[in-house]
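Reviewing the structure listed below.
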């Protein structure tokens, strides 16, 4: 019996930062999966795309800014970061993100990329 | 001078609750009379003494405590909503002492005493 | 007799702002706070009848924290003290959250 | 100085029943206000209109059916019950309710009725 | 390789179902449960490409509790055991809530 | 036979949690192996011993307890999420004994052990 391939996990972010714990809860999972060397991808769709906007500053509204931790993705080998182009367009946003290596995918490619993952957690 | 009442329905781990606190603090510091704050729905989680927010994050409860003490601000806890969420005024009582255990009748009072009610 | 509408949620996620617009009356005031700031560039804004003389305001720090740009020809920028004043100078408050 | 008129309170229902506590929380407030003889009106808008649908049965999904308590509105002098016609139409619903004396109001009338109230709580 | 989409929220209130439709692929399965049952008559349903052969299912008791009528020519009626089976026979599950 | 894992993110006072329970119970009774249930976000409120749901309403926790005992079903509580919501495994410990205090590392385990993960 061959060793099964490591399972690919996708974390799908759908909420804006700050008002709910969703973004931080998803981030905590991503970092743990990364530190356990589980291949994990991050997807941003709907209002989740706001989490990637350049120029945000949660400290203005007394939030400890968990978005800054996104800079650690590379260190945790979280290198697959996908954002839904249609969600950006709907919100009048451009591909101006506060982290590197975000891949903007058109709807069909976003759907296909998501579908190669074995487990999907959505927050 | 007009009087205000405030209802808080959001939990302490949401930034929405920081906004509520900011509003109340700003009103009090500008001299507006606040007849009371009523904690309802997930807002009641504020009163759970065992809530443990990481020390480098915003400590809502310390700020409410300061307002309660400085301005004698009544903080009413809806006990029915609280019991559903694991708070209890019986032993072991886990309700923070700055809160007054209340029922919805208190909300009727606040609506009658206040010129404006703002829900958060 | 004006109503102060406090809008706290993104209209991209929920229909709260759409419901707010259903009950809007002439001379009402809308203040965008928290995730309501994401609505500044939402197309629903354009459905507001300009003849209704609705005042559109936004709490500056809530928009700034979210990197949402404010077109000051369309929105007036306020702070929390202004929101407290508005609560007292309008006739009722509805929070859309 | 004359005695101020009793303040009119509106409770605006915007959530469907069951999945959140919102409907029950609003009902609890309505009944308390009624029992204190505070003039109180109930408004149903958006997915809140589902709370009024005829033929629902929460017991099928293990819910203690708080909607049945709506029958007590008259006893508590809660006689002003307004539903947004546009919200019904959007959902393909007709004026078929499980309680009597619900008034279906067109958008403008719904807005005007709401605006005679001094305090508005929304759930 | 099909995905099971579990839809739990009303599309009248939130955009979860709209997001689900964005990632839908041929032969995927959608099951409406909880407040997702309110979507059976939502206009978004009509945007699903019939050539994509999407299976549309609904948990009967969840719709019945809400007095939502089911057009059985469009939706197949299932129970909780069927949902468990679907979890195992499809390749992944995404819950839209 | 394929194995399942389940994540519960909704609180005990929501009917959404009844659906999660119904799903888990149906799976177990039809002989599917469930490697564990992970309580996260507001799902952790299930584990608060002091939660008091009116006796004529659905008692989620009693049903979870029955499943845990009959099927040796592991119920994992994310302690980080729990502490934010007023649960504590220190004195006074208010976590129901049917739950195993866990961290997110346990979720990694569950994902690896299970063929399918379903989130509620």
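First chain written, first letter: the chains are A, B, C, D, E and F, and each begins at residue 1.
Here is the rule we use: contacts are C-beta pairs under 8 Å (C-beta built on N, C-alpha and C of every residue); 3 or more make two chains touch, one makes a residue touch a chain.
The shown structure was predicted, so the numbers you read here are calculated from the model rather than taken from an experiment.
Steps from chain A to chain E, minimised over paths through touching chains, total 1. Touch-path distance (fewest steps) from chain A to chain D is 2. In this assembly, B is the chain whose CA centroid lies farthest from the centroid of chain E.
At the far end from chain A, in terms of centres built from Cα atoms, lies D. If you average the Cα atoms of chain C and of chain D, the two centres end up 25 Å apart. Centre-to-centre, using mean CA coordinates, chain C is 40 Å away from chain F. Rounded to whole angstrom, the centroid-to-centroid distance between chain D and chain F, based on C-alpha atoms, equals 34 Å. For chain A, residues that reach two or more other chains under the stated contact definition are 18-19, 21, 46, 58, 61, 63, 119, 122. With touch defined as above, residues shared between interfaces to two or more other chains in chain F number as follows: 13, 15-16, 19, 84, 116-117, 119. Residue positions 8, 12-13, 15, 34, 62, 92-93, 95, 97 of chain C each touch two or more of the other chains.
Listed by label, the pairs of touching chains are A-B, A-C, A-E, A-F, B-C, B-D, B-F, C-D, C-E, D-E, D-F, E-F. Contact residues on chain E toward chain A in their complex (touch as defined above): 1, 3, 15-16, 18-19, 22-25, 91-97. Across the complex, chain A is touched by residues 8-10, 12-13, 34-35, 38, 41, 61-62, 64-67 of chain C.
Contact residues on chain B toward chain D in their complex (touch as defined above): 7, 40-41, 80-81, 84, 103-105, 107-108, 111-112, 117, 119. Residue ranges of chain E in contact with chain C, taken from their complex: 12-15. Across the interface of their complex, chain B is touched by residues 6, 8, 33-34, 62, 80-81, 83-84, 87-88, 92-93, 95, 97 of chain C.
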